[in-house]
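These notes open a run of structures that come right after.
Here chain A shows up in two complexes: once beside chain B, once beside chain C.
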Partner chain A sequence: MTHLIIFLFFGALCLAGAVNLLVQRHPINSALSLVVVMGSLAVEYLLLGAEFVAAVQVIVYAGAVMVLFVFVIMLLNAGEEVRTKGSRVAMLFGIPGMLVGSALVGWVLIERTGSQTVAAGALPGAPRTIGWLLFHNFLLPFEVTSILVLIAIMGAVVLASHPDTDSGKKKS
Partner chain B sequence: MQERGRDDLTSVGGPVLSAVEGTRALLRNNALNITTFIIVSLIKTVLALFVLLTAVAYTVWLERKVVGHMQNRWGPTRVGPFGLLQPLADGVKFLFKEDLTPPHVYKPLYIAAPMIAVIFALTSIAVIPVGNSITLGSLHIPLQITDVNIGLLIILGVTSLGVYGVALAGWSSNSKYSLLGGLRASAQMISYEISLGLSLVGVLMLTGSFSLRDIVDTQGGTFWGFIPRWNIFYGGQFIAFFIYLISAYAETNRIPFDLPEAETELVAGYHTEYSAMKFAMFFMAEYANMITVAAVASLLFLGGWHGPVVGPPILRALLPVFWFVLRIFGFLFVYIWVRGTLPRFRYDQLMAFGWKFLLPLAIANLLVTALVVALRA
Partner chain C sequence: MVPISYYLVLSGILFACGVTGFLIKRNIISIFMSIELMLNGVNLSFVAFAAQWHALSGQIFVFFVMVVAAAEAAVGLAIIIAVYRTRETLNIDQVDLLKL
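Moving on, here comes the complex of A and B:
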């Protein structure tokens, strides 16, 4: 019972944050709504017994990625967005596409699991289990992802450095 | 229904549930009812917060006194003996000062920012154990508000959220000094969080647990006859210890890493536009964070509350707490000592030091520790 209440509360909070993210006109408010979404997701992970994933969700997403978002918004001093009526393409294709997509996902979920539910805390989520899975069963995907991230980092370094101005001695 | 509940509990891994399970075990062992448990928890929480806030106030006093003596001054002397009542006077002053709200600030975040800072700074105390446990009659009370099996991760998570307070304060004040302070704070805290996290992984590998209580328990006893089995000695984590200490100074925005509030260039940095209690909240958050950092360093590297224990049972229960507090006090003193000694980094030096020196060193330490752990196993 307690689990259900906690689940419903944070599920609702998560959805409210997501809606607020879209409704807010100021980028900072939107970013903070996203932090709320991440935080409530972390609590839902905790309820499932995935404590490590929950902690990483908070440390990495809420504590680092979103801080960088806020940092960039602050740096650019982005002001309020102007509300437009939205493009016709988005209205024509976006909404039906979203409906079809969510229906598809829902259908697959129901097909695959039927009326089964996962008991709270039933999933293996201890750090030891996660580490074992990552470095045994999913070693190749894990390493491929690391290389992907490495490429992204190198790309960022190349884009950010200015070889023609930085190469010699520093100016000034 | 009863059966189902039992099943749920046997397959648990989550801290919420392990807390529930722990609570039930506690209740079973002590034949207690839930009311007693809630009352005990409430008392522990209130007591911990009271002690923490008092400690925060007196750390400020300690800092003024110690820095004063280092600079050949007396520090506070007027209010009470040795100026001991100065924190009270300061508190009253903060309460009665005019609470200014400058024009053109973004009000919701301007008001929320100090609260965010202080809430996250005070939250970490919930998982920090301060000693073994005390027995009152039939009641067996662990000296910790709650023991979760990912305690360390929770502390890291909560501290990583604390940066929002500083960043949002800087942005919402709508002042160039505040904005620069906020920007510096977020960049600095993200950069140093990486080496801070990596410096802790060595200890985690040696212990194999995220629970702070487990980490302390493995550090009991001595080796080679007399050297305590603390992680800094036995695990060879002294490099990690210094990486942690340096990164923690940067995380708490203290000299020599106090660029977010560098008063010579930014007036007061991110809290330039704050006054009265809102300013005091940033102050409290900074000192509470210092205490958390000192507590984590003691628990992870210096054996937590281990130390010589003698005497009657009540003394045996309370002496570990004393040893733990003594370590925290030592760390706070070093904090103040460093503040009285070192000049501030330049911004490029700060970034270069963090990324080009501390981070590679932390990674190297991690690799060596992993090798040692693998060879020992």
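Moving on, here comes the complex of A and C:
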């Protein structure tokens, strides 16, 4: 019962953050509501027993990635967005289509997965077991990921560096 | 005890919110945040299925998705800075030329 109450509370918080992200016009408000979404998702992961994923969610997503977002919003001095009017046909067919589609997906999910329940902490996702799997069964993907991150760092430095300073270096 | 379908429905709604934001937002940074929202929805369904099938590989996969998302955020924000530097706008309706 407590499990269900915690799930419903943080699920509602999560959805409120997601809807607020859509409604807000200033990017900084959207970014802060995304932090709320990620924090409440970390609690949902804890309910499912994924301790390591919850910790990484808070550290990497709610911490590092969102700091990067807020930093870029501040750096570019992003103001309120200007909304353009969408076409009427898209509104006419898009909203009923989206409702029908999501109702269909929800029905299939509930019908197919049945009433199978999951207890709090059903699967031990402790850092110890995750780390063991990561360095034994998934060693090659782990190393490939490290190369990917290295390439991403170099790409970010090259893309964000000022073109004038680059050409200045080449000339000298 | 919470049915596994509740988690899946929550992740589906999060993904739908991300798609909607991707389509209706006009600020390039907000669009990028909607993509992060979609990735989070998918991650939740991964963890829910991992708990359902008692397979830890699902949680490992979430770890890889997070690493790729972090790399994507770094490169994407660098591209946004480059776009702002050349066009001086963040509105994607004004970023419609391949070459200046």
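In the analysis below, the second predicted complex is superposed on the first by the 129 of 172 C-alpha atoms of A that agree within 3 Å, B and C clash if a C-alpha of one lies under 4 Å from a C-alpha of the other, contacts with A are read in each partner's own complex, and residues count from 1 in each chain.
In this section, contacts are C-beta pairs under 8 Å (C-beta built on N, C-alpha and C of every residue); 3 or more make two chains touch, one makes a residue touch a chain.
If you're wondering where the values come from, they're calculated on a predicted model, not measured in any experiment.
Engineer: I'd like to know which partner A:P127 touches here: chain B for first, chain C for second, both or neither.
Structural biologist: first
Engineer: Now for A:G106: first (chain B), second (chain C), both, or neither, which partner does it touch?
Structural biologist: Second partner only, chain C.
Engineer: A:F7 in the overlay: touching chain B, chain C, both, or neither? Say first, second, both or neither.
Structural biologist: Second partner only, chain C.
Engineer: Touch test for A:L75: chain B only (first), chain C only (second), both, or neither?
Structural biologist: After superposition on chain A, A:L75 lies in contact with both partners, chain B and chain C.
Engineer: Of the two partner chains, chain B (first) and chain C (second), which one does A:A64 touch, if any: first, second, both, or neither?
Structural biologist: both
Engineer: With the two complexes superposed on chain A, say which partner A:F52 touches: chain B (first), chain C (second), both, or neither.
Structural biologist: A:F52 sits against chain B and chain C alike.
Engineer: According to the contact criterion defined above, which of chain B and chain C contacts more residues of chain A?
Structural biologist: Comparing touch counts on chain A for chain B and chain C gives C.
Engineer: Based on the superposed arrangement, let me know which partner A:S40 touches: chain B (first), chain C (second), both, or neither?
Structural biologist: It touches nothing on chain B or chain C.
Engineer: In the superposed view, which residues of chain A touch chain B and also chain C?
Structural biologist: 47-50, 52, 56, 64, 68, 73, 75, 119, 122-123, 125, 129
Engineer: Which positions of chain A touch chain C when the two form their complex?
Structural biologist: 3-4, 7, 11, 14-15, 18-19, 21-22, 27, 30-31, 34, 37-38, 41, 44-45, 47-50, 52-53, 56-57, 60-61, 64-65, 68-69, 72-73, 75-76, 78, 81-84, 86, 98, 102, 105-106, 109-110, 113-119, 122-123, 125, 129-130, 133-134, 137-138, 141, 145, 148-149, 151-153, 155-157, 159-160, 162-163
Engineer: Would you mind writing out the residues of chain B in touch with chain A in their complex?
Structural biologist: On the chain B side, the touching residues are 7-8, 11-17, 106, 109, 149-150, 153-154, 156-157, 160-161, 163-164, 167-168, 170-171, 179, 182-183, 186-187, 189-190, 193, 197, 208, 210.
Engineer: In their complex, what parts of chain A are in touch with chain B?
Structural biologist: 6, 28, 32, 35, 46-52, 55-56, 58-59, 62-64, 67-68, 70-71, 73-75, 77, 119-129
Engineer: State the interface residues of chain C toward chain A in the complex, per the touch definition above.
Structural biologist: 1-10, 12-14, 16-18, 20-21, 24-27, 29-30, 32-34, 36-37, 40, 43-44, 47-48, 50-52, 54, 56-57, 59-60, 62-64, 66-75, 77-82, 84-85, 90-91, 93
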